[in-house]
Each structure stands twice: as C-alpha cells, then as structure tokens.
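Lettered A, B, C and D in written order, each chain numbered from 1.
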Amino acid sequence: MKADPADPSMGNVLAFRSKDFLKWADNVLEGILRRSPIGTGIDLITKDFFNWATRNSIYPLHFGIMCCALEMAVASAPRFDAQRFGVIYRSTPRQCDVLLVNGPVSKKMKPALRRLYDQMPGPKWVIAMGECAISGGPFYNSYSVVPGVDQFIPVDIYIPGCPARPEALIDGFIKLQKIIKDNKKGLLTGK
Amino acid sequence: MWINMGPQHPMTHGLWNLRIKVDGETITDAEPEVGYLHRGIEKLCEGKTYTQIIPMTDRLCYGSSLTWSHLYCLTVEDLMGVEVPERAEYIRVAAIEMQRIASHLMWLAAYAADLGAMIGFIYTMRDREIFIDLLQALTGSRITYNYPRIGGVAHDVPPDFERDSLRACDYMEKKLVEYEDLFDGSKVFMMRNVGVGKFRKEDAMNLGVTGPPLRASGVNYDLRKDMPYSVYPELDFEACTHPDGDCYARYRVRMDEMFESCKIIRQAIQKMPKGKWRIVAPRNAPSGTGLGRVEDPRGEGMMYVVGDGTDKPYRLKIRSPIFVTVSAAKKMLVGYKVADVVAIMGGLDMCIGEADR
Amino acid sequence: MNLFTFSYGIIHWLVDLVNHLWYWLGDLLPWEFGDFFDDVGRFAASDAHITVMAILVEVLIIVIIALVNVLNFIWIDRKFMGRMFDFYGPYYVGYRIGGWLQNLADGIKLFVKEIITPAKADKLGFLLGPIIFVGSSFLALSTIPLGRDFGISTNASGAGVPGSALIAFAFFAIAPFSILICGWSSNNKYTLIGGLRSAAQMMSYEIPMLLTVASVFLMAGSFNFMEIVDAQHDVWFAIPLFLGFIVFLVCLVAEVEIQPFDLPEAEAELVEGWTTEYSGMRFGLFMMTSYLRGYIGGALATALFLGGWHGPALVPDPIWFLIKAYIVFVIIEWMRWSVPRVRVDQLLNIGWKRLMPLAMLNLLIAASLKTLGWF
Amino acid sequence: MNLKAIKGETDMGERGKSILSEGLERAPSRIDEVPEERVIRALLDNFPSTVTDFKTLKKGVIRAKMERRELYKCCKFLRDHLGFEHLSMISAVEYDNRFEIVYHISCYGSCLLLELITSTPKDDPSVDSVSSVWGGANWQERESFDLMGIKFNNHPRLERILLPKDYLYHPLRKDFKGGD
C-alpha cells in the first residue's frame, strides 16, 4: 500500500517500509485514535502545545526574486532582526514552513515556483510580499509576468508595499502567527 | 554529471540557473541560463510617458536603482536636449555614490555569506542601513527611490543632509578599514579568493565584461573617467584597478571603490552650489535618438532611446552589465572546484533584475 | 555512592517490589507453576540481571543529561551568535527565560511536520541513514563520564568501562558512513556530493585526531576515561600536549562538521548538503544530533585534555565538567560564526599535510615525556 | 569646462587643453590617438561603398550607417585595426519599413563610442553574427533574436534566452499585442 499523500497521518509515522505494518497501523491506530474519544482527549491536551510550537518557529524559504528579497535579507540583519520571532531562513524547501514570494513571477518561473511549493512539507503557508507578488505590481500588464502569485498558489498573507519594508515583513510574520493560532487544529482528529 | 544550480539556490541571489558539469568536484563545463525574471520592461516602457517610466527603471536593479533612473534621465535629457541645473547634478552624483556604496556593501554582505562568513553579512548589512537612511531622507524610500527627474531631481536635499552625509562618510571609512581587517586578515578568506576565478585581460575585454570585474583584470576603464557624464570631471577621484583578475582582485576593486565613493560624496557635498534643482522638461520628446552611458556599480549601464515626437518613447533599449557578464561565466568557471562557483559568481555581483529586464 | 550504585539501588528496589507481587501471584496459582515463578523471580533478583538493567539506567541518565545540554547548547549558540552579530537572538519565545524555549518550539514543530520520502529515493537507506547517525552519536556519548562518581561503570567500584575512550571514538567515527548512506539514498546530486565530501573529510581527519588521542592514551597509560582524567589530577594534558590539543580541536571541528569545515552541508553551494531531502522530524534529529556531536566534542576535549572534572571543590564534579565542555563548545562556535568556509581540496591539504605531521610530532613529544619519566 | 565640454559642444582641442590644465591623468595624446576623424577616414577608406552617413553626435560619439552585407568584415576591421575592443550594446529597433540594428562599439584606449546602424528589410530580418568578433555579442544577439526576431547568421547557438523555449512571439515587435 502506498502512503496516500492526502492523508496527514501517513506523514508522521516513521516510514516503516513493511506494507503489513502500514496497513495494521492504519487500521488500528486510526480506528483507535482518530474516531474515538481517546483521540479527542489527546488532541485536547496537545493541541495548544503543538500550535504554540508551530506558530513560534516559522522557517521561510531562502528564496529571493526581486527588490523585496533585499528587504527580506535586511529583515534578518541586525536592525530589524526577524530572528527574535524564531524566523530562520532555510535553503531547501523540504525544511520550510513558509514560501515567501517576494517579486514578480514570470511565465518561465511559474512551473518552478509551483514545484517549490509542492516540495514543501505540510503544514505550509505562503506569503505574497510586495505588489508584484500580489497582483503583478508595475508589471501587471506585461506579457511575461503572472499577475499575482495567487493564481497558482494559495496565499495566506499579503504584504503590500513596493517594496514592502522590513517592518512590514515582520508584521506579516506576526499576522501569520495569528492565522496559525486562529486555525488551531488537533493532530489526530483534525478539529 | 550536470548539476542545476537554480533558479532557487542560495548561490544565485536572484532567479537564474547555472548548469555546471562536474567531474568529481572539478567543473568541466558551465552554462548559465537567465530569463526567470523577465518582465518585459522594454515593452512596457513603450506604453508609458517619459515621466512614468522613471519608477519602472528604478525596478531594473534592486541593488542600485538610483543609478538606473539616473541613467534613464540622462538618456532622455540627451534626447530632449535638456540642460540640467548644476545643483541637481551635484545632488545626483552624491546620491549615486551613496547608492554605489550601498550596492557594494550589499555585494560584500552576500559575498561573505556565500563564502560562509556570516559575520561579514551581518556587519555589512548593518552599516548599509546608514546609507539607506540617508537616501531615505533624501528621497523618501528605501530601495526604489523614484528620485531623479528629467531635468533635475524631484526635490531639494533635506535639512542637515550635508552634515549627515559627511558623518556617514567618516563612519564608513572607519568601518571599511575594519572590514579589511576582517576579510584580508582572515587566512581562510584569502585561501578562498587569491588565485580563484582567474580572468585574463583579453578574455574580459572580448567578452564584454565591464565594471569592477573588468577593472580587476587590469583594464583601466571607468566611464566616470573615460566618458565623463554629470559633474564627474570636476571631482577628484581615481578609477580603481587591480592587475590580478581573480576573486580577490574583484573584492579589492570594490573595496577601493567604496573609499573613492566616500571621497566623491564629500567633494560633491562641499562643492554643491546653491540654486535650482530642477527645470521643467518638455512633455514631448523630438524625433531622434538619445544615448546614456554610466558606470553602474556592476559595470557599464547604457540606454538607447528612440523618440518619435510624442510623449512616449518609440523604443527604449537597456544594456545591462550583468547580462553580458554572466555570459562569460563559462570562461571563468571551467577548471575550478564546485565550491569556487560561489566565490566566482558571487564576485560578479549578480543582479538578475537588470539582466532579465 | 556513584552512578552505578545509584542505578543498582533503584533497580534492586524495583525488582524487590515486583518480585513481591510476582511471588504473591505465584502463590495464588496452582503449584505446577511454582517452578516457573521461582525461576523467573530468581533470575530477576540475580546480580547479573540487575547489573545489566542498572547499566541501562545509567545510559538513560547520561543521555537525558546530554539532551538537556543540547537544548542549552542550541540556545547558547544562538544567543552567542546574536551577541556577535549585534542582535538579540531568540527572544520572544520563552520571553522570561531569554528565549530558551525557541529550540523546544523548533523541535516540536518539526515533530508536527510532514515527513517526505522522495519518490525515487532508496527508501531503506533513506530511513536507515538517520537511525545510524543518531544512534551512533548517542552511543559515543554514553561512555563519557561526567564525574568520578558520575560515569558509566559496570561494578560498584565505579572504575568505569575498560576501553571506554576507544568505544567512544569508534562510535564517533561511524557517522560518515551514515552520512554517505543518507546522501546516496536521497537520489539528489547535492546530497550525493555532500555525502562524498563528508566521507573524504572524516576519513582524513580521523587519523590525526586518533594520533593525538593516542598520545593522551600513552601519557595516561589507559583507555579508560576515568583513569585518563585521574592522570590529569596534577597537570592537564593540554599543557604538555598543547600542540596535540590544538590539532585535536581542529580535527574535532571537522568531525562535527561546523563552520570552517562544514563542507558536507555547505549552504552556499550544496543547498543544505546531505540533509537537503530530509524533512520533518528526521531533519530535526539531524539538527539535534549535530549539536549533540558538538557536545560530545566538548566532552571529549574536556575529558582528554582539560582535566575532566578536576577543579576547585566549589562546585560538584559534573558541573566542572560541563563548564569546561561548554567553554570548548563556545570557542568552537566563535570560530564557526567568524570564519569563512574552506574549500574541499584545501580541507584535505590541511588534514594530510599540516595536521598529520603535527599529530606525529605531538605523539613524539608524548612518548619522550613518558620515557623521561615526567609523567 | 564643465558641463558644456562634456555635452560636446566644443571641439577636440579645447577639451584636450582643459583636461591638461586640470592636470588629470588622461593625457591629451591618448585622446588624439584615435580621434573621430581618424576613425571616419579609416572606415571611408576601407569600406567606401557600404559605410555612409557619418555624424559626430557629441564629444566622442560617432554615428555611421552601413549596409549589412559587409557588417562582419567591418566589425573585424574595427576591432583589429581601430582598437574598438568592446561591444557595448546591440539594440534592434523596428520601424515601419525596416529593422535597424544598432551596434554601440567602444574603445578602451580612447574615449570613443561608435554607433553603427545597419538596417534589414522587414521580410528578411537577418544580419551576420559578430559573436566571433566580440564574445560579448553572443547573448545580446540571442536577446535580439528572442525579443525582436532578428536572425543572426552563423551564430553558434541562436535560441531564446529570456522567454521560455516554447514561446511563440517576438514581443518587442510593434504588432505584438499581449499574447500568451
């Protein structure tokens, strides 16, 4: 049996290869944990804890497109210091939570960006930083720019500005923390 | 084995793709690919009036946007035959040189981070803020300034700008000496730089490489000296060169240029005359062509504008230094190690915004 | 009382408790089962069983201490980096304790994240790599004593494990193979280069490191950490073997793969090196283990060169040990954040052409000191 | 001096003198070495039928028009004999009845910039590639091909560079309206 990527439970079991074990774990654990009061109880206890951890450790992808990328770099430099909030840039999409799109996405780049988004493990969020990423900005009517990154990636936070200032970026991160906090979900029951 | 480095890669600083063929760790072939940030600015400009294009040119290069809008204004002034007030020229020169320092500092930050010295990234980013602040006081924005106008600059310098600029220059010169201690004094930094990415003079000239990489190869060619524009002939500075042509030479040339820029800012501030800072330029440009050519922090920036008597340009062609410099990547990379890619490509100060346009 | 007697006591008490219940249960059942109950009970109460269980408890205690230390280390690393870099470091998470909870939040978050196995990866290798990496690092840790009475030993005398230093280094040296497995099985070119670099690097730095360690063994005349530390009662080995200490530190930095020598995960050219394809808790384990290896490195340097737990009797032995290990770690971190990365051929040059002769020279010094009878 | 001299409204001698009087490093001899007239004369002598329409735009900027059939030879001559070692820019401009390809060629030794304009008819937009003369022309020609659709004969690798490989249009042409 192949792990169904749509099923979030698959991801978190240390990937044992044995089919039987997966089947067994699927049936037994899911039955016990997901659909019974035990799961609800565990969720009730752990929900806040996991949510606290998730919102306080946001790893954006180190991915610069245009002007806003510079402000992204400045935001991690001493004056603005996004590290205070636990924001650390990782270079590989596999270890990131947030895809920070900070510039216009050209038609040539679009498939690559979509692929980057698909490579990120869930739960994941997308921040569209700057006018170019929100709507195409000054290049909205260009023949080679996608007018807005939300045409092919779901976007959670929009940070306006051309370019958005570092304070705005940090504010965006804090807004993202709020979003994560508001959408509190149990790991097992999904409620 | 072919390796793709990009479009998302910590080495690239922007969106481009470098495909290298490696034999073990040694590079045997390289093939850069650009175009991931192509926005069609040249086409968009044909639909905008001359004044509306200025913000567009700001977004050409995020590292040194002021230089590009200045270049655009120079080009259109050449087309229209507009004479700029002298005060505006001095303000422009001071601002451009601040931009040059900020751009070089950003390069140094990225370069240090590429080589693994995070401390270099942090310190240079910290000190870059001072010049960004000055430019912000002058223009009101941090990165895309929209400050030069056709026939002058948007507004006069703010109060205390002279004093602050001079203090910033003093501070920067002190800090630059500190960076020299930090980098030149580090054995590992020298190991990574000296003799890496050797680029012969003939290759550099043939492949159209301009700016600091060209001067680092021993060609004394600085457009501020050789084809002076604005008020550069009245200022005392030197074109920095280095004979070696390796990564260290490029680093050295940029460091020296920052010292020179401090000198230029000081002179420009002190010599700045009183008077008007802007004249009203005509709305419509005559038919004909205009040409502007400046020394961008990354090389030779050039614009060619064709006017057709209306208020919109008929054609605006932008020459990006990085676009041409990147095409020389193969010549520089072959024979070095994979780890040298970051030093060599980082040493070119890639700014993909202007290369892809 | 030392760690062994402490664990032995706990196990003994537990076994007594369980055995009471056990025999009571046996009394309830028909007499045919009596032999079985007797046998099990006697086995449980036997000295061999209790000793083995006590050793396990010892290991558990040491590992828990190490894990707490790792959290501290990550925090110290970030805070120290922040101070060097003119900013605060982690600040708002665990606001009242200086951002200490940031690491915890990172770890818990990674626990929640999805684990991705690339479609074309070698699944078995992709799974086994982290297990070997983490497991070998913990095993290397387990034999290092924190104090005279606070180390793993197999009997009540507290004399430590014979050859414990050898065991520690043997496990410490397994890591490159797991990194190679990770790098190869991820089916990614960056990870492959990272894995191969790691193999080359660790091979070439293992030898000078072991040569310096051999000089310590020579001076101490033992392979046992306890006796090595005891031999430094009067003078730390870092003083006569200063050269060896420097060589050891450099090799240590290369072995735990941090900054000037972190080629396998060189961030600028090989995206995240051999960990590029790992996500979720597996990456979290890597991150934790890399700091754990930093702790092991500090502990090894302390035990072998810096006199272990010897110090003025103001604080208990283990605290002295930890202070020294922390200082070594901070020095390594200092180097990490201020020095650029070397290139792979330069790295090997340093290893074979500089450190190797120096380690030989150091061994010669140690041998002559021993022959002259000064130690 | 000053602004006027730079704008090119004075003649060569005055500029030389003013620079001399300022004591700058650039000696006047270096400027006189390849003055505008000499370049024009050399071009006229060697390509009498194809190079026409000389004009000095401003200080150190010469414009010349030439027919496309001798472009490659002329460029080689410029590089080898007149010291124009740096190809700054290749720009393609579309007019109603022709494409103009403008080469800005400059010289490291002197402060000269030559604006060489060659035109091609609309139905056959092709010129000889100069990328074997100046390596820097390689990508710029590809860019002109990509955006304007000019074919460069004998180019080592003439394919799209900025736009995706499967793009259908040449967007800088005037008849291109949007398109996907």
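The rule we apply is simple: contacts are C-beta pairs under 8 Å (C-beta built on N, C-alpha and C of every residue); 3 or more make two chains touch, one makes a residue touch a chain.
It should be emphasised that the depicted structure is a prediction, and the values quoted were computed from it without experimental measurement.
Looking at chain C and chain D, the chains in contact with each of them are A, B.
Shared contact partners of chain A and chain B are C, D. A count of C-beta contacts for the chain pairs A-C and A-D puts A-C on top. Among the other chains, C has the CA centre that is most remote from the centre of chain B. One finds 33 Å separating the Cα centroids of chain A and chain C.
Here the CA centre of chain B is 48 Å from the CA centre of chain C. Work out the mean CA point of chain B and of chain D, and you get 23 Å between them. Annotation for chain C: residues 85-87, 267, 271 touch two or more other chains. Shared interface positions of chain B, defined as residues touching 2 or more other chains, are 9-10, 35, 38, 40, 43, 122, 126, 356. Shared interface positions of chain A, i.e. residues touching 2 or more other chains, are given as 78, 91, 108, 141, 143-144. Which chains touch which is summed up as A-B, A-C, A-D, B-C, B-D. Residues 8, 11-12, 14-17, 49-50, 52-54, 56-57, 78, 81, 83-86, 90-92, 94-95, 97, 119, 121-123, 187 of chain A are the ones touching chain C in the complex.
Looking at the complex, you find that chain C touches chain A at residues 78, 82, 85-93, 99, 101-102, 104-109, 111-117, 123-124, 127, 267, 271-272, 275-281, 283. Across the complex, chain A meets chain B through its residues 61-67, 69-71, 73-74, 77-79, 91, 93, 103-104, 106, 108-109, 112, 116, 138-139, 141-145, 162-163, 165.
For chain D in complex with chain B, the residues that touch the partner chain are 1-3, 5-7, 19, 22, 24, 26, 57-58, 60-61, 85-89, 91-94, 102, 104, 106, 108, 111, 113, 115, 134-140, 143, 147, 160-164, 171-172, 176.
Remark: chain D residues 162-164, 167, 169, 171, 176, 178-179 touch chain A in the complex.
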